[in-house]
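Each of the next two complexes has chain A plus one more chain, namely chain B in the first and chain C in the second.
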Partner chain A sequence: MEIILGLIALLSVVSAGRIVIGPSMWDRLLGFNLLASKLMMMIILLAAIRGESYLLDMVLVYSLLGFVGVIFISWFVQRKGRV
Partner chain B sequence: MLTGSLLFSVMMAVLAIQTRKMRNAVIYLCAFSLSMSLVYLLYHAPDVALAEAVIGSAISTILYLVALQKYKILTFFYRSEDTEVRDEHYQESRKTPLIKLLEKFSAKQELELQIIHTLDHYPEINEKHPNAFLLEEAEGHTRIYGHPENNLIDALEDFLIKEGFPKASFTIVKVEDTVL
Partner chain C sequence: MRETIGIVFMAAGIVFLFFGALGIYRYKNFYARSLVASKIDTVGFLTLLVGVMIHKGISMFSLKVLAILSLGMVINPLVSHYIVRSAYKSGYHVKKDR
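Entry: the complex of A and B
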């Protein structure tokens, strides 16, 4: 299970690179979305390794609110600055 | 994994300050708070991580977007006869009475004044920045170029006359799209 955790950590570095270099804003938003989902997977794996179930609550809250944040940013850009 | 997350947070924080575009800074701050919440988790503080996830990802993003909506810029391009703009020239030109009047005008319109020194002519500027004005100074006479559909151009003319800026020393040129 630790191997999978390391693998996902390596993959999340790649999608973090998309945030840094991404030429347009949409690339950065996509990279952020990828990174968020990979971090959620990592936290779930961490909860399974440590046997602590309250980490799953955190993942639940983060997945709901991260979705709201991304939707708001793309809504903002598409409507040219009107929230 | 802890070191990686900390390094990533520092990188995102530096990028959020360094970037020229505000909307990108919002995304960088989102990624920053994401990795910070992972750091709190790895430090065995899940309650803080939960609060960071709630506040950092959703509330502060929406707050920054609403703030960005309020922040508007009035752009003036400034072209003088010199082909080369030196630092001394820049310092000097900041103090001219016209610039002071423009600052007053933008404060009255609740806009942020931004002055860009340029060598381009009006058509190129209008293509990229349709709401911007161009100031052109030659032999003590100032020309202000703007698009006629820009609703600020008449307000600017009225304001300059009302503030006692000598009428003979400036002309406002309204450039139509078809002329270009």
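Entry: the complex of A and C
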């Protein structure tokens, strides 16, 4: 289980690389979305390893907030600032 | 027995995630990249969470993981679609690579 956690950490660094490299702004949004979902997986695995279930509630809130955040950023960009 | 099946599912999720991370760097234009990344990432997310659920068996824990799984199944494609839509609507046209 810990090995899988480490592997996901490695993969999330790779996704973060896409955020840094990404030529356009939307690549960065895409990379951020991938990083967020990998972060969720890591937290869920941590909760599974430790057996504590309150971490799962945090993941639920985090996924919803990440969702709203990215949706609003891309909508704001699309409308060119006129929300 | 149940734990090993869970570990196998999680390993499959990791393989999907690895290909997703590979897909990000493989494609040159944005639209192919976002298609690969979002689709494979969602599948990796689902497989991994199913693995965690099998590993934990029938309990309150896996019920919460099921809730997160169903939520992620809806949210992840929706966010990726919206990002690509805003990219297209703002006129981000790329030439087709080979």
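What we mean here is this: the second predicted complex is superposed on the first by the 83 of 83 C-alpha atoms of A that agree within 3 Å, B and C clash if a C-alpha of one lies under 4 Å from a C-alpha of the other, contacts with A are read in each partner's own complex, and residues count from 1 in each chain.
Keep in mind that, in the parts below, a contact is a pair of C-beta atoms (placed from the backbone, for glycine too) under 8 Å apart; a residue touches a chain by one contact, two chains touch by 3 or more.
All values derive from a computational prediction rather than experimental measurement.
Participant: So, on chain A, is it clash or fit between chain B and chain C?
Facilitator: fit
Participant: Taking the superposition as given, does A:9 touch the first partner, chain B, the second, chain C, both, or neither?
Facilitator: First partner only, chain B.
Participant: Scan A:44 for contacts with chain B and chain C and give back first, second, both or neither.
Facilitator: In the superposed model, A:44 contacts chain C only, not chain B.
Participant: Return first, second, both or neither, reflecting whether A:57 touches chain B, chain C, both chains, or no partner chain.
Facilitator: both
Participant: For A:29 in the superposed arrangement: first (chain B), second (chain C), both or neither?
Facilitator: Touch partners of A:29: chain B and chain C.
Participant: So in the superposed three-chain picture, is A:65 touching just chain B, just chain C, both, or none of them (first/second/both/neither)?
Facilitator: After superposition on chain A, A:65 lies in contact with chain B alone.
Participant: Go through the superposed model and pick first if A:19 touches only chain B, second if only chain C, both, or neither.
Facilitator: first
Participant: Compute the least Cα distance separating chain B from chain C in the superposition and give it as a whole number of Å.
Facilitator: Between chain B and chain C, the minimum C-alpha distance equals 13 Å.
Participant: Pick out the shared contact residues on chain A: the ones touching chain B in one complex and chain C in the other.
Facilitator: The overlap between the chain B and chain C interfaces on chain A comprises residues 29, 57, 66, 77.
Participant: Which bits of chain C are touching chain A when the two form their complex?
Facilitator: Touch residues, chain C against chain A: 7, 10-11, 13-14, 17-18, 20-21, 24-25, 30, 33-34, 37-38, 41-42, 44-45, 48-49, 52, 55-56, 60-61, 64-65, 67-68, 71-72, 75-76, 78-80, 82-87, 89-90, 92.
Participant: Provide the residue numbers of chain A that touch chain C in the complex, in ascending order.
Facilitator: Touching chain C from chain A are residues 1, 4, 7-8, 11, 14-15, 18, 23-24, 26-27, 29-31, 33-34, 37-38, 40-41, 44-45, 47-48, 51, 53, 56-57, 59-60, 63-64, 66-67, 70-71, 74-75, 77-78, 80.
Participant: Note which residues of chain A are touching chain B in the complex, please.
Facilitator: 5, 9, 13, 16, 19-20, 25, 28-29, 32, 35-36, 39, 42-43, 46, 52, 54-55, 57-58, 61-62, 65-66, 68-69, 72-73, 76-77, 81-83
Participant: Could you please specify the touching residues of chain B with respect to chain A in the complex?
Facilitator: For this pair, the touching residues of chain B are 1, 4, 8, 11-12, 15, 21, 23-24, 26-28, 30-31, 34-35, 37-38, 41, 46, 49-50, 53-54, 57-58, 61-62, 65-66, 68-69.
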